[in-house]
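Just so it is clear, A, B and C label the chains in written order, and each chain counts residues from 1 on its own.
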Amino acid sequence: MASVKLTNVEKVYDNKVVAVHDFNLDIKDKEFIVFVGPSGCGKSTTLRMIAGLEEISSGTVEIDGEVVNDLQPKDRDIAMVFQNYALYPHMTVYDNIAFSLRLKKVPEDQIYEKVTWAAEILGITDYLLRKPRALSGGQRQRVAIGRAMVRNSKVFLMDEPLSNLDAKLRNQMRAEIILLRQRLDTTFIYVTHDQTEAMTLGDRIVIMKDGYIMQVGSPTEVFERPANLFVAEFIGAPKMNTFKAELVKEGAGYFVKAFGAKLPVNGPNGELLAKNGVGSREVTLGARPEHIVLADAKAENTIETKLIVSEMMGSEVHLHVRTTDGTDLIVRVPTIQLSPAQRANLQSGATLYITFEDKVMYFFDPESQENLLFH
Amino acid sequence: MKKYSDLEFLRLSKWQKFCYKIAAFFCSIPHAVGNLFKKIGLFFKNVFVSIGKELADVVTAFTKGDWKTKVSYVIMGFGNIARGQVLRGLMFLLFEAVFIFYMITTGSGWISMLPSLGKQGPQEIYDPILDTYHTEYGDNSFKILLYGVLTIFFIIAFIYTWRANIRQNQVAEKILRSGKKLKSGKQDLHSLVDDNFHKTLLALPLTGIVVFTVLPIFFMILVAFTNYNGAHNNGYTNALFNWVGLENFRTLFSWNVGGVNYAATFGEILTWTLLWAFLATFTNYFLGIFVAMMINKKGIRLKKVWRTILVLTIAIPQFISLLYVSRMFDKNGIVNGALMSLGLISEAIDFWGTAKLARIMVVVINIWIGIPYLMLIATGILMNIPADLYESAKIDGASGWKQFSKITLPYMLFITGPYLLTSFTGNMNNFNVIYLLTGGAPTNTAASGAAGSVGYTDLLITWLFKITTGSEAQYYLASVVGIMIFVVVALISLVVYNMLPSIKNEEDFQ
Amino acid sequence: MSTNNTSMKKHMGLKASTRLSNTAIYIILVIISVIWLIPFVCIVLQSFRVESTWKVGYVIPQQWGLDNYVKLFQTNFPRWYANTFIIALVVAAVQTVIVLCMSYTLSRFRFKLRKPLMQFMLVLGMFPGILGMIILYRVLADLNLVGANSLPGLILVYVASSGMGYYVSKGFFDTLPKSLDEAARVDGATRAQVLTKIILPLSKPIVIYTILTGFMGPWGDFVFARYVSQLKPLGMNAAVGLQSWLATDTMTHDYYTMFCAGGVVVALPVALLFMCLQRYYVEGVTGGAVKG
């Protein structure tokens, strides 16, 4: 129930390694923010600086308008869920959840109320007298969340809480976190390396790389309007295809030359390029696998490729194809759209003609890697 | 030495590879030693650079600081008190007061006598009125040296505190300028159980270490440059000793000082010390692993019983087992008795009589003492070796011996590398085993002389002990020997430590 | 011939060859056990010997009796025993506190002087400990804490530098996940509360190990006790006292079997204690060696 504001926050370790550069972010009250990025990008470090577990080298962190740089974690009124749960092995589930309340000298009656309330919500009432080692991974995760829940704290921090769970459990817990959020109605800061989690959970996503913020935006924004090549490649699975291409301005319109094909750029993308005053130039072209379509026959706007591997995923097929100049691309086709003849043709070595949907092509500056559409 | 590329190395024959590795090892020693000196040099450079920085900082803090800060240069803690941090300020002030009082009353006296270690010893003074002699206690070099060292430590502590006092002013000014509040005395006290809890925890242990280890060692290093011996302990007649510079080191490395060949004695003891440490460490190590593997082999029963029997040697105080075992091997001990009654020998063997036999005996008995430790350690590590390593080796067709030499041993050596090093240096200083078994005997008449009685099984450490006991004690020589032990141990440790695989490639077996 | 041999081996089957090697191992283990037990059996047997107090070439007494044990109480032995017991008890308690403080701090806190401090203690440990005894003895002598009055002096000497022996327990603390501390601090615990409420309850093995080694160290120590007591009968501990009985041949002549009896009395409690707590000792020793 508080806003969090980070201003020019930096983290420099003793060995002069800079983990976080000039981090600026305004987190609104009751917002669910996700920090996402590959390992070593500084997302956990940032979270730990907010928690007070890591010293802030420079800049300020404010919680609810108060600068908390010099406060101990216990004085910041935060709750945190750790990646490995960090349950106290020598205490029962009940004592684990009650620990923070006992430190605050809350009367035992109230502690009982609170702990059973949290246990009820999380469905762990039957395990209250067990020790953590007698619990399964999912149950431990719930206890860890319960421990954070009872604190009524201003900010709820979660550091990769699901990464130690198996795939099925992870999906389930993800849904439960969404429910939990509705129930607790407080500010959440959530760290993960998994873009799916980020997309499904976050109101806003902060994508980080090497200690820098790459983009901050809602899931739709970062998916549809990635600020740069890194964000474009990081969000979405399978990964976006990117390759060198030539953008040519012809009169008022544009087209792209790639792999010997000529692909027109019409619609909103062409307008945006014109608006940004982009001329003919080299670009890094991006196309999501689901935005590549199979063509029936060779044409001016098709690219000739050889099929390397076809992966049948059930509802869709992932085709790994190689162009004539040796670039590998991934194409994602819904199974339902494939005719029996096309399906029969999906053998290794088969020749496929592909083309891009012009509405959803991305153009990046090869040097700065910025998105040319939204620059 | 020619360096092979990886691919060239792969083409060498087994023997060539072996020789190459040996050669590479020895070639790396000078490099390691060089690195060591470079590091030492760097260390001193860093020390001087940081002292320089501190000095510069102290000056700028004075010129830029406000008047409260400036006053604090003379009256410690003034800034703290003036800015409301009374508790801290009073602590500083109290420390300064105690220091000044001490320096004026006694400290300066000790320091001033340090260069001469005292001029006038005790003497009998004739009293013409009473017609008797009475003793006038003069200076006492031991006390001068001791309190001199203490005073030096005190001065260093004062300088450090004074610097801390100035830094506090700097920090306080900065905090106040940025509009924040300073910590109150109550908060200061509270922080001692929270963010400054480490200071609370370390206070007691570090005080103990400084007073009972650092101070004595510093003192003893100084003694190496004096002629302090047992006779000087008698404060009634002879309490003065002098600085002699490097004289004692020269003695230790001389062929002939008053008919004693110190260099040969030292060389002989050092050689045996190193040989002993090597033998003691590696016999225990390999036999310990061997025993552990036997006990832990699948299908062997009564594992607990075997282990407990061995562990008994750890449970029973060493002085009992060692003293008893040494008597067992006496000329008229049980072993000789048993051998004679069995008719294996006709005359008692004097196990402790000759140098060679006595040395073999201490190594063998040390195996008896040491195997249980190694058995425990090896058991722990053996259990940690992933079973799939052995399974895949078996499928690859490795025999039992190959599994041992290609998996168990490398794994063991990797994990226990640092342990081997510490156990080697520990054995160099293994006082108990030698002193309680043989007391250094048999006497090495050639080496004995002014340097106490020296035996063939004496280690540097037992020799040191011998020359520090009794009124014949030669403390100065003991200090020199102690310093030499330190030098040897430090050199071995640093060189080996930097070459250990577990330090170099930490991840190999993880 | 050789092919014949290998095929023989193959056909002998796993079972038979395992049985063969296991038998060999059993034989070796029995021999080892005998060698390891002989001295202890002998010392017990000789402590019951009545007919002569001198070393003899046989083990089994011709005349059994408790004479040696009874005679122990007519010497200074009870005093030595009490000295040893008091020293070991106090040292075990204080040393445990010091070692735990030191190792917990070095494991959990990251302060500026941490690395230099550890390096400094490493270097300090390379000096032989006996060296410092020379001056400590003189200082203790000035305070009249040596000779017959050596008890407090010895305790001081044992306890004082125990902070240097932090390696094993630091290794243990390092294995406890740091996120436990962090979780507790977020939950509102001060650093001190983290130690008392989270870490200590989880550290039972290492606490017991530290107490055990802290007790056994002074119980069997010889060098420092010898130095500080200066062979004054009332100030000696059991180790120095019993050693003094074997110091010369004439002494040995009268006291040999009493030494055996004394040895048994000294060894018995600590050996029992050790055997009960063996599990923790093994954990500590193996953990320490693996961490280096």
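Simple rule for what comes next: contacts are C-beta pairs under 8 Å (C-beta built on N, C-alpha and C of every residue); 3 or more make two chains touch, one makes a residue touch a chain.
Just so we're clear, the structure is a prediction, and the values are computed from it rather than from any experiment.
Asker: Quick one: point me to the chain whose Cα centre is farthest from that of chain C.
Answerer: That would be chain A.
Asker: If you tally contacting C-beta pairs, which pair wins, A-C or B-C?
Answerer: B-C
Asker: Using CA atom averages as chain centres, what separation in Å is found between chain A and chain B?
Answerer: 54
Asker: If you average the Cα atoms of chain A and of chain C to get two centres, how far apart are those centres in Å?
Answerer: 56
Asker: Just the number, please: Cα centre separation of chain B and chain C in whole Å.
Answerer: A distance of 19 Å separates the two centres.
Asker: Quick check: what residues of chain A touch more than one other chain, meaning two or more?
Answerer: Expected reply: 72.
Asker: Two-or-more-chain contact residues of chain B, please, as numbers and ranges.
Answerer: 194-195
Asker: If I count partner chains per residue in chain C, which residues reach a count of at least 2?
Answerer: 190, 193
Asker: State the interface residues of chain B toward chain C in the complex, per the touch definition above.
Answerer: Chain B reaches chain C through residues 142, 146, 193-195, 197-198, 200-202, 204-206, 208-209, 211-217, 219-220, 223, 233, 291, 294-295, 297, 299-300, 306, 308-321, 323-325, 327-328, 330, 332-334, 336-338, 340-341, 368, 373, 376-377, 379-381, 384, 415-419, 422, 425, 429, 431-432, 435-436, 460-461, 464-465, 468-469, 475, 478-479, 482, 485-486, 489-490, 493, 502.
Asker: Can you list the chain A residues touching chain C in their complex?
Answerer: So the residues of chain A touching chain C come out as 51-53, 72-74, 78-80, 82-84, 86-90, 99-100, 103-104, 147, 151.
Asker: Which residues of chain C touch chain B once you look at their complex with the stated criterion?
Answerer: 18, 22, 25-26, 28-29, 32-33, 35-37, 39-40, 42-43, 55-59, 97-99, 101-102, 104-105, 109, 111, 121, 123-124, 126-128, 130-136, 138-139, 156-157, 159-164, 190-193, 195, 216, 219-220, 222-223, 227, 239, 242-243, 246, 252, 256, 259-260, 263, 266-267, 270-271, 274-275, 278, 281-282, 285-290, 292
Asker: Any idea which chain C residues touch chain A in the complex?
Answerer: Interface residues on the chain C side: 177, 179-180, 182-190, 193, 197-198, 201-202.
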